Amino acid sequence: MKKIAVLTSGGDAPGMNACLRAVIRGAIYHGVEAYGIKYGYNGLIEGDIYKMKSYSVSNIIQKGGTILKSARSTEFRTKEGRKKAYQQLQRRGIEGLVVIGGDGTFTGASVFHEEYGFPIVGAPGTIDNDLYGTDYTIGFDTAVNTALEAIDKIRDTANSHDRIFFIEVMGRDSGYIAIQSGIGGGAELIMVPETSTSIDDVIFDLNQGRNTEKTSSIVVVAEGDEEGGAMEVVNKVKSRLKGKDLKVSILGHMQRGGAPTAMDRIIGSRLGLAALEGLLGGKKNMMAGIINNRVVYTSFKECINTAKPLEQDLLRMVKILSI
Amino acid sequence: MKKIAVLTSGGDAPGMNACLRAVIRGAIYHGVEAYGIKYGYNGLIEGDIYKMKSYSVSNIIQKGGTILKSARSTEFRTKEGRKKAYQQLQRRGIEGLVVIGGDGTFTGASVFHEEYGFPIVGAPGTIDNDLYGTDYTIGFDTAVNTALEAIDKIRDTANSHDRIFFIEVMGRDSGYIAIQSGIGGGAELIMVPETSTSIDDVIFDLNQGRNTEKTSSIVVVAEGDEEGGAMEVVNKVKSRLKGKDLKVSILGHMQRGGAPTAMDRIIGSRLGLAALEGLLGGKKNMMAGIINNRVVYTSFKECINTAKPLEQDLLRMVKILSI
Amino acid sequence: MKKIAVLTSGGDAPGMNACLRAVIRGAIYHGVEAYGIKYGYNGLIEGDIYKMKSYSVSNIIQKGGTILKSARSTEFRTKEGRKKAYQQLQRRGIEGLVVIGGDGTFTGASVFHEEYGFPIVGAPGTIDNDLYGTDYTIGFDTAVNTALEAIDKIRDTANSHDRIFFIEVMGRDSGYIAIQSGIGGGAELIMVPETSTSIDDVIFDLNQGRNTEKTSSIVVVAEGDEEGGAMEVVNKVKSRLKGKDLKVSILGHMQRGGAPTAMDRIIGSRLGLAALEGLLGGKKNMMAGIINNRVVYTSFKECINTAKPLEQDLLRMVKILSI
Amino acid sequence: MKKIAVLTSGGDAPGMNACLRAVIRGAIYHGVEAYGIKYGYNGLIEGDIYKMKSYSVSNIIQKGGTILKSARSTEFRTKEGRKKAYQQLQRRGIEGLVVIGGDGTFTGASVFHEEYGFPIVGAPGTIDNDLYGTDYTIGFDTAVNTALEAIDKIRDTANSHDRIFFIEVMGRDSGYIAIQSGIGGGAELIMVPETSTSIDDVIFDLNQGRNTEKTSSIVVVAEGDEEGGAMEVVNKVKSRLKGKDLKVSILGHMQRGGAPTAMDRIIGSRLGLAALEGLLGGKKNMMAGIINNRVVYTSFKECINTAKPLEQDLLRMVKILSI
């Protein structure tokens, strides 16, 4: 391979820039020309593609977001769109592609590969950590720490007023952010999509207070919990928790941004380099991931179709630690 | 005076602990016994009062919230409640009181003073900075910086996706947090209760984009804006901003917590000491404030009844800086 | 005026970018062409000057350092150097200059103005806050908060091990950073160039411990204290504090960097705009400052030659608060 | 077992409190009485031991340092000292011990176990991450992120002035903090004890600048590098790097403190619970660690005597990423 390109797609995640930097500098190191594609698959279709050098990725490792910008592309879901994309690559002589993103990104890549046999390797960039094939996704650690810092702040005011706070964190299909930020924040209860917590349990836990000295409580709710988000949960419990001062806080989009943590910069760099070197070494239609601290490649199909289970010992720990 | 007491009341604010520490250590320095009252006026009525020493306030200057806890008291609004409060003070021989809080706290103190002639001096502790009689209230600078950090993070993702974000910050009656965090965050538009921004203006600004290179925008909305909070504003504008990707983020209670900034620790310390020394020096029924970097005492009445105007040159600056 | 230029000079300070942004956008707002000069007076001499537009200063308000880069220029101290500088300005038809920097920057500007009558207005950008003519310099608040966060962290380990830490903060001629970060950090003792603290006093305070419950202590030392930096102070006291575990930490250059606080972004913006509008309005040879929350212009001469006194009530407070 | 005790020893590390909390609450969960020992082995010898309840560890998970305090004990290295320690445990009917610390802590525990057969299980609490038997030690992730934030700030000023900074991070025998903070901080060069970097290499890298656009550089030096700390390295290279502006920054003790990251709170909790449950389940003379995301127990002997290698692929990455 003489020319490769890279894009970021789907929701942005802190560490994507570190990953991009590693792809570009890795390519230069191996004597390969590197191109950046803006706005994900949309930019690919429209030819928003430009050559990148080492200095193009200078001073970006500490930046949140993605300098290539990101988008969700409806056109790439059409045969016509993918054809244009392929032509753009051919016209420039680009022989391989690194895509940084999540589920949707890899689904698109997989279809594209089937149709055109074009070599693509992925790097997992999403704050949700819900991708099979890697222990950690790029952006997850930062999102957890951002949520945690917010929980710490909210606990100050919860303590000062003896309140119960229901804090909603991101995670439409996955409780990873909720579990980690909840344990880190000393939450009394954590509600996630993967397990069912009945409203009766919530009321029992909060009403009784096994530790009778506790006057304030934090409940962390993943936005995709089967009982609904934090607001819905409070609506369901408030009539049965009379006399308690219940508040809701929805952390929202700030969980996506911010300077990446050390871990996200490092795994971003490792996975960017792994995706690039995988691609150069002949891998295709696969995602580079880190499992047990080693780089592993898993087919896009498997990444997309396999559910990643929550760690059961963390769920067990919540009960013990809030005793 | 030989014995004084101190309480925190109303919404908690970062720097209240620094203020409390200065009251206690100031009292000890001047050879006066100091008592802490828990849960604001409620604790005063119920006699939740205990002696404090220098070490009682060790290692708290960096802590958000208030170690004395806070509450809003309905009982203190009754004659009966205030009578009990007075008896609790008399029983212990407490001769003066420092109250740390906002509007409501000083209204209560003012009535209490009228009825019993009891010496009270206040220190302004509220994140909203809406108190007449001081340039800055304790907690304001921290709340602004917390909001600003969230805005910075949200801008990362706004930039990566070319979105318009409406970010709601605290300020039911006051636009101080919105103005400062908005200017600091480079917002294109800031909506505050003190001035009216028409929906037409919002649409004009966002639709046109005076700076045509801008692809993402931040609008900061004070929760008490006359057009409603961020969610309501978006509902009003969305049909007329078709094709734009609008998002809402409500920062919520985390703005109240967190380790206080240097400024809040310092003005908390200064105002705690000023309130204490004012009280010992014979002042009563007054709030200690800082105006033009000097300590000034203003009567509770004036603090409560005078509106504090927004700085007009900051409002003017928003327009120029987002050109 | 139709064309103005702006440069940053001397040590960089967080908020310089906010200030630069306000100069550029203010110029555009007033219909004036704006040029940026790189590397301070060196770049002026060498003609490292380029036109700036609104987007040239997009997305920089949150960045530490200065995108124009800074330098200390020896050539500008020569007549020959200043002549070249003047020619560069003339050649481009630039009619006025905004300089962002400290003491040295304004000294240069003042000489240049004397020789060529060229209109220059300054904005005070230096972390040290040692400039007469303004209550706060751009960068000071950020530097104080950076030092404070480090002190908070060090206190954790001081407490865990019952140690005495001597922490050196920046301030070659000025104790502003030391005083504010020391009070904010709950320091037992603060040593600054403006007042003399004898080694005997240090030993008395630390040996005796007025508050006998205290097991750890923090001493904040300005680098320019008359007894020397933290290392020298420890060398002087250690033989007389046997049995105590003394440690030194020199915070160093990280105090210059980092995302600016809200305050530095706001006063940076205000002072940038004030310098620009002062220049356009006919002011020259002056620095824009903020005194008692109002913009004030003071002649460079006065700024350079007048000492700015430390606030005495803050020094008094240290003793009371560490009781 | 009916009664267990827990202590923290050696250098403090963020997350020790999370670990302690898990030991105490885990014990309560399993119906076992829990005692806290202050000041490490010194407190054990002197009987500074007190009963802990669930609320004793409330609101500490977010705190740096250790509420049990720590110390290095010379007395515990003597037979006599250990005898007293044993008697203190026997007198109270304490049947098992959890020790949180590093190398030295486990060496002491191992000797104690040999002499008295007393059941001890350890949890790895040290910022250095240099313990065999676990992928991560408690405190490491926080220390890396603290170093990284400082490097980010220093880069602002390095960039603004085109300087080369030599930044010294902690790590007397280990380059873990240097490697991770260096990669995360985009360092051009990282000097660690485990590998030898010749002064010639340093000069080659900095003089030549493979990437000719680079005007500033960061070199991260572990304090225990074979060429010495940052100051010594600069002294060795400065005569051969004429015309370059070299600066030194020694981050120092602040790397030990601060609120723990999410990761340190979670692995602190996991390892605290694992140590406690290991002890109750009959394990002794072992450290609980996390390898490949699973809890693993390794004998103290093995932990102490086996060197933990640096990850070679991270070292390789430094070269590629700074191209």
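Odds and ends about this structure:
Lettered A, B, C and D in written order, each chain numbered from 1.
By our rule, a residue touches a chain if its C-beta (ideal position, glycine included) is under 8 Å from a C-beta of that chain, and two chains touch if they have at least 3 such contacts.
Just so it is clear, the model here is predicted, and its values are computed rather than measured.
Touching chain A and chain D together: no chain. In this assembly, D is the chain whose CA centroid lies farthest from the centroid of chain B.
Per-chain Cα centroids separate chain A from chain B by 35 Å.
Distance between chain A and chain C, defined via averaged C-alpha coordinates, is recorded as 39 Å. Residue positions 152, 155, 159 of chain B each touch two or more of the other chains. In terms of which chains touch, the assembly is arranged as a closed ring, every chain touching its two neighbours and no others. Remark: the chains found to touch one another pair up as A-B, A-D, B-C, C-D.
Chain C contributes residues 21-22, 25-26, 28-29, 54-55, 58-59, 61-62, 135, 141, 144-145, 148, 152, 155, 159, 180-181, 183-186, 211, 213-214, 259, 261-263, 265-266, 269-270, 273, 292-293, 311, 313-314, 317, 320-323 to its touches with chain B in the complex.
Residues 8, 11-12, 14, 63-66, 69-71, 146, 150, 152-157, 159-162, 165, 247-258 of chain C are the ones that touch chain D when the two sit in their complex.
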